[in-house]
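Chain nomenclature is as follows: A, B, C and D, assigned in order of appearance, with residue numbering initiated at 1 for each chain independently.
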Amino acid sequence: MTETGPYELGENRYGKSRIRLVTVRRGPERHDLRDMTVAVSLEGDFEAVHTAGDNAGVIATDTMKNTVYAFARDRLTASPDAFGLELAKHFAGYPVVERATVDIAEHGWSRVTSDGSEAADAFVRSGELTRLATITVAHSGAAEVQAGVDDLTVMKTTKSAFKGFDRDGLTTLRDTDDRLMATKVRATWGYRSPAADATFDFDAAWERARATLLRSFANHFSPSVQASIWIMGTHILDADDSIDWVRMVLPNLHHWIVDLAPFGLDNPGEVFVSTTEPHGLIDATIHRRGT
Amino acid sequence: MTETGPYELGENRYGKSRIRLVTVRRGPERHDLRDMTVAVSLEGDFEAVHTAGDNAGVIATDTMKNTVYAFARDRLTASPDAFGLELAKHFAGYPVVERATVDIAEHGWSRVTSDGSEAADAFVRSGELTRLATITVAHSGAAEVQAGVDDLTVMKTTKSAFKGFDRDGLTTLRDTDDRLMATKVRATWGYRSPAADATFDFDAAWERARATLLRSFANHFSPSVQASIWIMGTHILDADDSIDWVRMVLPNLHHWIVDLAPFGLDNPGEVFVSTTEPHGLIDATIHRRGT
Amino acid sequence: MTETGPYELGENRYGKSRIRLVTVRRGPERHDLRDMTVAVSLEGDFEAVHTAGDNAGVIATDTMKNTVYAFARDRLTASPDAFGLELAKHFAGYPVVERATVDIAEHGWSRVTSDGSEAADAFVRSGELTRLATITVAHSGAAEVQAGVDDLTVMKTTKSAFKGFDRDGLTTLRDTDDRLMATKVRATWGYRSPAADATFDFDAAWERARATLLRSFANHFSPSVQASIWIMGTHILDADDSIDWVRMVLPNLHHWIVDLAPFGLDNPGEVFVSTTEPHGLIDATIHRRGT
Amino acid sequence: MTETGPYELGENRYGKSRIRLVTVRRGPERHDLRDMTVAVSLEGDFEAVHTAGDNAGVIATDTMKNTVYAFARDRLTASPDAFGLELAKHFAGYPVVERATVDIAEHGWSRVTSDGSEAADAFVRSGELTRLATITVAHSGAAEVQAGVDDLTVMKTTKSAFKGFDRDGLTTLRDTDDRLMATKVRATWGYRSPAADATFDFDAAWERARATLLRSFANHFSPSVQASIWIMGTHILDADDSIDWVRMVLPNLHHWIVDLAPFGLDNPGEVFVSTTEPHGLIDATIHRRGT
């Protein structure tokens, strides 16, 4: 053990971020394209690395990058979650590692379609959302898998109110029964531990959660962004027993109605200015009772 | 006329950029959502504004913003091009204005669909592309309309080569018969002047050009990005007599094949590193002979 | 208490982000300019807000924004930390609030200087770094203050090595005795609780930490980014008893030496390609033993 | 000549963008650090490349990148302008090239200073501005050099008015005698052709223009952004006979005074909300009479 005087190393982790990976599977009929940004992060016994400049046992972050590309050669055959499990188990197997985390953001591409048929080898990037998977594996082998969506920008043009909130001398916002509600959804959820292995159908679970989230977003009446998180989150939990908890971090992307009265025009909820600064930010987690 | 000594005012223009406009049309059955970023720019006799600090005749950029929102109340009923024509004609009518330009970037939203049906009032932003329209109207009333797409990221996983280029002592790139070709398309095109009025079906022309571009991208064999621009551009011109010219500015978003040999693995065109820096940048315009 | 069936509300917080505040103090001799981006976030008893859509007790995020601007009128007279304390205490005083957090990023502006003298009322934004302050106040009144720097991009052109790390079949990086080390520093530190009140000289402490960090960065020999964090962090702790812990999150912004041999040129550590993807990411906290 | 049917190739250019170059000169006493982003663009006889897919004569953009790094080995010894001249002359020498353009953005780094002394080999990136140089060389050898600054964000807290502009039914902005004026300066200027060779002191000229711009910004009274461009531009021309013209593209980054009356507070020009959307955009060029 190193003598570190009056100081101690606290929480620490290190890894490689922004590993940009594209794979093409060249089938006889058509190609399949995958596009991911991967990050690897390790925790473990790295005290001497910090305090004594001793790199023994350090897995270079360059090696992490190599590993991602090498594993992509033949182990990226299913979901990003399953790929991340392979990677995280590998890294957790190093002697000094106590916990390995792999974060994957998968970027969607769809086939170019023309005259009703899909191209075999031409793709267009769909910017509607980013699929997330975060896999953590302990040296003991215990694994946790979280999945999610990011960058999913949605808007309700009605069925959203905000009223009955606290008023004091610093309050100028009026109660409203009908407002636009727009947000860029970042939602993540955790799978029950039995689910966290490669035999689980991560693709089906992810698609179910995504579809439930959107359906719920469209259908519910929102008294506040907080209540929307509760409603959408409980719907996702209702739809899938394998999900233990759901977290959403939702900016409230305000759309202010434009006052057209100076120009002799009314504005019955038709013309809005879209803003990004400042924005509300609502963050809440919902879990099954007792988990 | 102002005495400006040894200096002259050269080219100049001013206006308002990044006007963020969202409209909701509240029909009995369902809502329609539009989302645009608008810029207005004016050229004219603004010499004294610059050289003498005399603001007589200046249309404040704040007024331009107001005008966009006011016109959106009841004149944004069809294409962005038609809306831009209304705006540009209005601004070109001010006495000091010689030429007014309106730039519109329309951001796509699609309806949330669930269980096969479309939501009436809930939308998801589709990040696949941005629709462009640039309208210029002279004080005389003469109008020009350009349209286009931006941010359309596409990839061909085969049918792309690059060989036979010049080699000298600074060349290390090898000839290739088969490479990935990825680009983020910015394509613009100009409509013939008779087309540039509000009776023209700008939506149909835009959709035709977009579909042609994608079909052509998927189908052609590319010997270079330059040749791809020619091929896709001439296809767009073939498909629509109302288009006079097409310009494309295409970054070549290189995907480098990863050398997996150090890890005892082959890599037959399957694993790539996606890069953005540096990138090729190819810019070419194709026009009908004689225009 | 609400009946929430099989689900429970877990961690939650809400607030307003990206409140852009600029103040000008108009002294007789000269103006002083401040520029901040403020975020407010509250935790407390918001269960019914989520589960029952009941907004009683909710402080609207719009009210938070108003409060920031109103308090800026006459309470932003010293450090961002002191301003944040005023704000956080105010928000923590609402009955339903258990904990209020105020995050401030202060953007630097310096006076325009010409011919050796400083302008009284003209400023240039200095992009060298962003100053951070995060203040948390509990309903009980207990306060914590963290400060820091962000976006401080620095480079050592020597005195940085990386060798002796683990090697296996996936390792290709070579040991090096001399490399460029570049990073974009995000460093935060926590003040001892007695320090966390408005009489503490937050400006002096921040300036001391900033100067120590830069001096240490310049002077030390780095065997790894991890060791650099330890070295710089302990120097900051050495320099100021009022600081309990230091955390740094440092990307390793790799600069790869260019192989000029194909062009008949050597490259003795002179020509590099600067990259941002992928990058190492090192995160560690150092604290006083026993805290 | 290729048969291209009813279409013609119009304006076209191609090249490599975002070449990220860092150099370290290792002197006996201290190191010197340079950091540039370089782009190369060529125009010439590239018709068959586009219309026939014939790459004969094409200089690969990968070769352009190699050239930048190879030339940086021993020809980047002075200003970015001189380096760009070397590069552009080289590229203009290829048989098919009619015109080569090199764009350089130089990013500033300053030495870390501590206890009054400057580090020999540690640097901090200064984000105050980016230095620009654009060099164009024709196959004939004729050269043009433009220089400039970008990303220079400045603010005047007084001596800025805007009044006397046109008013109509769409105008709501009030006349003001005193407002904040903030902008992010992009200014470029062209050197007279005799200046455009490597013996010209580009560094001194650039520094003179930069200093003049800032001094003028601080000192003048601004009746409008347009007039500010005229005033600052003519000052730059006054200060340097070797500059033929100056162009500025200035966003007007509006700072709106916050209405604090609802909270019982006045606001005598002290508290502002800083905005980026929408913004004015003013673009004007000033040249010497007769040039």
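To be clear about the criterion, a contact is a pair of C-beta atoms (placed from the backbone, for glycine too) under 8 Å apart; a residue touches a chain by one contact, two chains touch by 3 or more.
What you see is a predicted model, and the numbers here were worked out from it, not measured in a lab.
Peer 1: Select, from B-D and C-D, the pair of chains that is joined by more C-beta pairs in contact.
Peer 2: Looking at B-D and C-D side by side, B-D shows more C-beta contacts.
Peer 1: If you average the CA coordinates per chain, which chain's centre is most distant from that of subunit A?
Peer 2: D
Peer 1: For copies subunit A and subunit D, work out whether under half or over half of the interface numbers are shared, and give different or same accordingly.
Peer 2: Counting which numbers both chains contribute, over half are shared, so the two copies meet through the same residues.
Peer 1: So, what's the distance in Å between the C-alpha centres of subunit D and subunit B?
Peer 2: Here subunit B and subunit D have centroids separated by 24 Å.
Peer 1: Please work out the Cα centroid separation of subunit A and subunit D, and write it as a whole number of Å.
Peer 2: 38
Peer 1: Can you check how far apart subunit C and subunit D are, centre to centre, with Cα atoms defining each centre and the answer in Å?
Peer 2: Once rounded, the distance between the two centres reads 30 Å.
Peer 1: Please set out, as single numbers or ranges, the residues of subunit A touching at least two other chains.
Peer 2: 20, 66, 70, 170, 172, 262-263, 275-277
Peer 1: Hey, which residues of subunit C end up touching subunit D in the complex?
Peer 2: Contact set of subunit C toward subunit D: 20-26, 31, 33, 35, 66, 69-70, 72-74, 109, 112-115, 119, 121-128, 151-159, 180, 211, 214-215, 217-219, 255, 258, 260, 262-263, 265, 267-275.
Peer 1: Spell out the part of subunit D that touches subunit B in their complex, as residue ranges.
Peer 2: Its residues touching subunit B are 4-20, 39, 41, 46, 49-63, 65-67, 70, 94, 162-166, 168, 170-173, 223-227, 229-230, 233-234, 237, 245, 247, 251-252, 276-289.
Peer 1: Quick check on the complex: what are the subunit A residues that touch subunit D?
Peer 2: Subunit A residues touching subunit D: 169-170, 172, 262-264, 275-277.
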